[in-house]
Amino acid sequence: MIEMKSVYKTYKRKDVTTEALKGIDLKVEEGDIFGVIGYSGAGKSTLVRLVNYLERPTDGEVIVDGQVLNHLSDSQLRAMKKQIGMIFQHFNLLESKTIFDNVAIPLVLAKKPKEEIKQRVMELLDFVGLREKAKSYPRELSGGQKQRVGIARALASNPKILLCDEATSALDPQTTQSILQLLKRVNQEYNITIMIITHEMSVIQEVCNRVAVMEAGEIIEEGSVLDVFGHPKHPTTKNFVKTVIHNSIPESVKRSLKKTGDSKVFRVEVKGEVASEPIVHQVMKAHDIEVNILFANMTEIQETTLVIMYLQIAGEASAIEKAVQFLKDKGAGVEEVVK
Amino acid sequence: MIEMKSVYKTYKRKDVTTEALKGIDLKVEEGDIFGVIGYSGAGKSTLVRLVNYLERPTDGEVIVDGQVLNHLSDSQLRAMKKQIGMIFQHFNLLESKTIFDNVAIPLVLAKKPKEEIKQRVMELLDFVGLREKAKSYPRELSGGQKQRVGIARALASNPKILLCDEATSALDPQTTQSILQLLKRVNQEYNITIMIITHEMSVIQEVCNRVAVMEAGEIIEEGSVLDVFGHPKHPTTKNFVKTVIHNSIPESVKRSLKKTGDSKVFRVEVKGEVASEPIVHQVMKAHDIEVNILFANMTEIQETTLVIMYLQIAGEASAIEKAVQFLKDKGAGVEEVVK
Amino acid sequence: NEESQGDSGEEKKDLVFGFGVGTYEEQFRNGILPILEEKGYNVEIKVFSQNMQVNPAMAEGAIDASVFQSTAYMEGINEELGIKMVRLAFSPGAPQSLRSVNHDSLDAVQDGSTVAVPNDPVNQERAVRILEDLGWVNVADGAGTTDFNLNSVTPAAYDVKFQVLDPAQILVSLKDVDFGVVNGNYIADAGMKISDALKIENTPEEHRIIVSILEEDLNTQWAKDVKEAYESPEFEEYILSQEKYDGFILPEAWENN
Amino acid sequence: MFETVITLEQFLQASIDTLYMVGMSLLIGSLVGIPLGIALVVTRPGGILENKIFYSILNPLINIVRSLPFIILMVAIIPFTRMIVGTSIGTNAAIVPLIIFISPFIARLVENSLLEVNPGIIEAAESMGATPFQIIWHFLLPEAFGSLILSITTATIGLIGATAMAGTVGGGGVGDLAIVYGYQRFDTFAMVTTVIILVIFVQIIQSTGNALARKARKE
Amino acid sequence: MFETVITLEQFLQASIDTLYMVGMSLLIGSLVGIPLGIALVVTRPGGILENKIFYSILNPLINIVRSLPFIILMVAIIPFTRMIVGTSIGTNAAIVPLIIFISPFIARLVENSLLEVNPGIIEAAESMGATPFQIIWHFLLPEAFGSLILSITTATIGLIGATAMAGTVGGGGVGDLAIVYGYQRFDTFAMVTTVIILVIFVQIIQSTGNALARKARKE
């Protein structure tokens, strides 16, 4: 649906040159909810702005829905953009129009009948919880309320592609949840392709099926969310994953960790069905060892459970070895942690 | 340091009236890092804008540093505001000035010598990682970079009070971390009082010692972070706490939960030192029961570990009862969960 | 412009001449200035695009002499401004003329014919006097000069409609009216002949263009020299040699040349 | 106390003439000037319909017209005026040069107002696939509305000053009365009265403009 | 082909006179008009130095001056002019009414430009405890700079038109040359030449203004 082929974007002003994108190759399939994460300034917004051609690539090709944007005429581009909804990082609402009119604009541009517009807009405002603000002006709204207006506006014309640039950054977790659920719903019901720029891993975890990690204008890791979250390779990715999958031992636990001579610490990772079995119990019952759960975390990614535990196992060397083998047989990933 | 006494704020335009604040009573002590959370539109920004009198209360008193703002003259108010740094939700950078000049402004207003300004600004830009953007203009920055400029600007004049309105909402977790560490440092080193508005519970968890939860213009819960996070009372608070302390059983685990006749599920909460003891192991060894950890989560709040587990315990009724008593004796909070 | 003035004791050699709309500045530059320079005068020429401003300038002492107005207007202004200007000499002046591009003769006039007249009081009065002469209108007694206005005009033989315009505009707008009274200087500048008109003003002495100065300067040497220059044969020769001054009313003093 | 030769009827007629001239030339001048101002903004380098050739013709053309003193302009276009209204004198004839005088002025003010619109708004419009016309109509103009009203107010008041010159071609009006009677005939009463009338006109226009602009800014 | 009576020297002198009159009255007019414009913005209801009385005196006062036709204004202030420059005629005398004419015009344009500054910027300034003067100097003016330059450009060009009327008091200048020779004497050559000179002036001013504004907008 969206494809980028070695795309470069360089900003120049006098002697200052910023290479925002350095050779991006990317493929977003139809029906994907594609997440893009990365540090501030990594080039995420620039990337997404290329997709609806608000920014022209310095080099390379952007292909949307099979059409190379660089080759389209102005009116073809406009027709294409009508299919693409965009939620802006800075909202970009019209100060001179009411909330109602702001959300109605894409429909007015599409010359929809008045009755239909009214109905659709009120439906959307209802959804984002701003029905009673219909007659207010943007300056009278809180930050999160403005962002919700932006979301409603982007959804108004039932686009085929939805680009979200930090669409939930100003929203509390509950509102974020409901927005994400909506995105998931429109994705499933209408097969809309969604590209989500965010710095909140939890957002990606919640709704994306694929994710790309950007750093300094490049994509450093890409893949299915389960893969990338389960086995992050690049240090940056690891840093990001850490924020949702708390897989490091809390400092306070580390400090009070008893350094008994014959205890060892293991990182145990369990995925899917096994996660609901009492494996800690089983390993303890079956072997002559003492197990202390230093750290445990369960996360749900794409409706699969991922458990990460740090177990301190004390006992004889052979008993510990057997216990580890038992866990491995159960399908768990086990790694010894060097203290 | 900051006190509000039954403060009301009502916005009126024609027939539309919005009661943004409805009787706020609040006390922030000197040296506090005080967090304010709440749903979008709850009145958080309005609250913080009253503290530096960008907004006048419709009713009630705002007292800062012992002085009732309503009674101050314009020049007294200005002197007061010089002591208060503010990070705006929408950044409010000057488009016509470079990043350097934007950060320098509070120092220029204070008529500091040029050399000092230069040094301080570069130091701040270094800190927020924008040294090489010193000569850029705001429109050339990414969202997160703008926010960091706003942070640097607010810190420039070493204020006694720092108001942060969603100061990290556009930042990735790493940058957020480093900003929060800085806030903590200035708070400790210079005894600065900080008020943080956020919708990210993790921010509060990381740096705040006290927190207030707002809903629909009212403070519905207030207290030390450990108390509020450990025992949220109001449903809204519970919703918020849930987002950082994952204390509900994942859906997938629930589904695959074996409904063996004699097993029971308990929510076990362990705080502080006890958290690093192998209590699950101990309870298992000491009693004839089978324990399955349905869910476990460790969180660090204010450098204390909080462990929340959902344990499925199978065994004879009396054995289970004894095990529960054992846990309680160890200092854990135990509650049975009705399936 | 800050020269001392009116000091008859000393020889004053620096003069400032003010001119309004018209050909008088050109006449002066080509015909009078050489004579005065010969006599050692240093003359500055100031041209005002609004006649209205010349006399206040003289009252203020910014100019020593002016060539643009008629005796009647000068006397009216003396009263308005409370100063005393006097006539030093006559300048060759152009008479107004009644013209038309839409009609070949005065007979075409009828009730409702439009006649363009200048908007300033002096030229307007002169214009109306031409029509009065023709018997087209009546002018009330005591209509005034410096504050003349059309409210003192009533229909006589014809009920003509006046179109009040900027004097410079009348010639270019003749197409849009039946008749128009055009100041002579515009005819001269447009390269036309005054004698081509349907009717030429029989300019009374009080409406002829004069060189005016303050009364207190009347006996100064420079005033005498200026008067002499305006009445000199050299000046007369120059004026007569220029085709554009055909039809101008010439100073009677020249008859002595 | 004061003596005047002007009749009440003349005052009334002059007021009507002024209103008529200002109204007509403002109306038509806006219809010409606003599109020109929009054209300047959209065809300028970086504009939504960037067009070097068009811009580099229009921009100096507007300057040329603006550089002409009103009276010169009036005379220069007499043949054109005659073609349009059939005569070169009278109130209607005065309106033609007034329009040509005010249009480029309005164009410049409109240009300045539109340039102040937040570029993010234009981006939002482009991202919706709005046509250039839609961008102008649904985004640029509404966002600049408050500023545009103040600009038009400024232009209107400038126009009142310019109508005083309309007397040159027999256009009449209050300003002309002030010049012809107050100035040329030393009629102090006429002068004071006309000035008062002008002040009232300007006051009404400015207050209306300010109020509308305030409303447009949603204050 | 063309015949003219104007000498090259007259053209030069006229050009110098125009530049002098425009330059001086722009300079002083800006020094008066910009503060007035600022005063309008800061004292208006909701402004940073809200002052009902001051605003409700200044606002109509500016309107009154703006409503006077230039020629009337010029005559009305002759005593004042004489007090200031010692004479009521000549180039210096022309500058006084030009200043009084242009100042309120600049004030209105400045007002319009400043009102477009993002209110968030003012809030940021207030939150830093900036004094009203600092708010104006460090926040309002820099943020509105691009727009202000265009406003001053517009005013300057308006001024060139007004200097043509300056001939009324013997101020001279190119516009006056155009009127006295081109208009009053049907000297086509003079007319065309003066118009060309004016066009060149205006073109230079507008290009400079546009370039500066573009730079100020950091484009």
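Each chain gets a letter, A, B, C, D and E, in the order it is written, and its residues are counted from 1.
Just so we're on the same page, contacts are C-beta pairs under 8 Å (C-beta built on N, C-alpha and C of every residue); 3 or more make two chains touch, one makes a residue touch a chain.
Because the structure is a prediction, the values reported are computed rather than measured.
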| item | value |
| --- | --- |
| Lowest number of touching-chain links that must be crossed from subunit C to subunit E | 1 |
| Intercentroid distance (Cα basis), subunit E paired with subunit A, Å | 56 |
| Whole-Å separation of chain centres (CA-atom averages), subunit C against subunit D | 37 |
| Multi-partner residues of subunit A (at least 2 other chains) | 90, 139 |
| Residue numbers of subunit C (touch at least two other chains) | 52 |
| Junction residues of subunit D - those touching two or more other chains | 75, 146, 183 |
| Pairs of chains in contact (touch as defined earlier), listed by label | A-B, A-D, B-E, C-D, C-E, D-E |
| Subunit D partner contacts - residues on subunit E that touch it in the complex | 46, 59-60, 63-64, 66-72, 75, 105, 108-109, 111-113, 115-116, 146-147, 150-151, 154, 157-158, 160-161, 164-165, 175, 178-179, 182-183, 191, 195, 198-199, 201-203, 206, 210, 213, 217, 219 |
| In the complex with subunit D, residue positions of subunit C that touch it | 52, 80, 116, 119-121, 146-149, 151, 163-166, 169, 172-173, 175-177 |
| Parts of subunit B lying in touch with subunit A, wherever the complex brings them together | 11, 13, 16, 18, 37-41, 44-46, 89-90, 135-136, 140-145, 147-148, 165-166, 169-175, 199, 201, 239-240, 242-243, 246, 250-253, 256-257, 273, 275-278, 280-281, 284-285, 290-300, 303-305, 309, 312 |
| Complex interface listing, subunit B residues touching subunit E | 52, 54, 77-84, 86, 88, 90, 92-97, 105-106, 108-109, 137, 139, 157 |
| Subunit C residues touching subunit E - in the complex, by the definition given at the top | 1-2, 18, 21, 23, 26, 46-50, 52-53, 56-57, 60, 62-63, 168, 186, 189-191 |
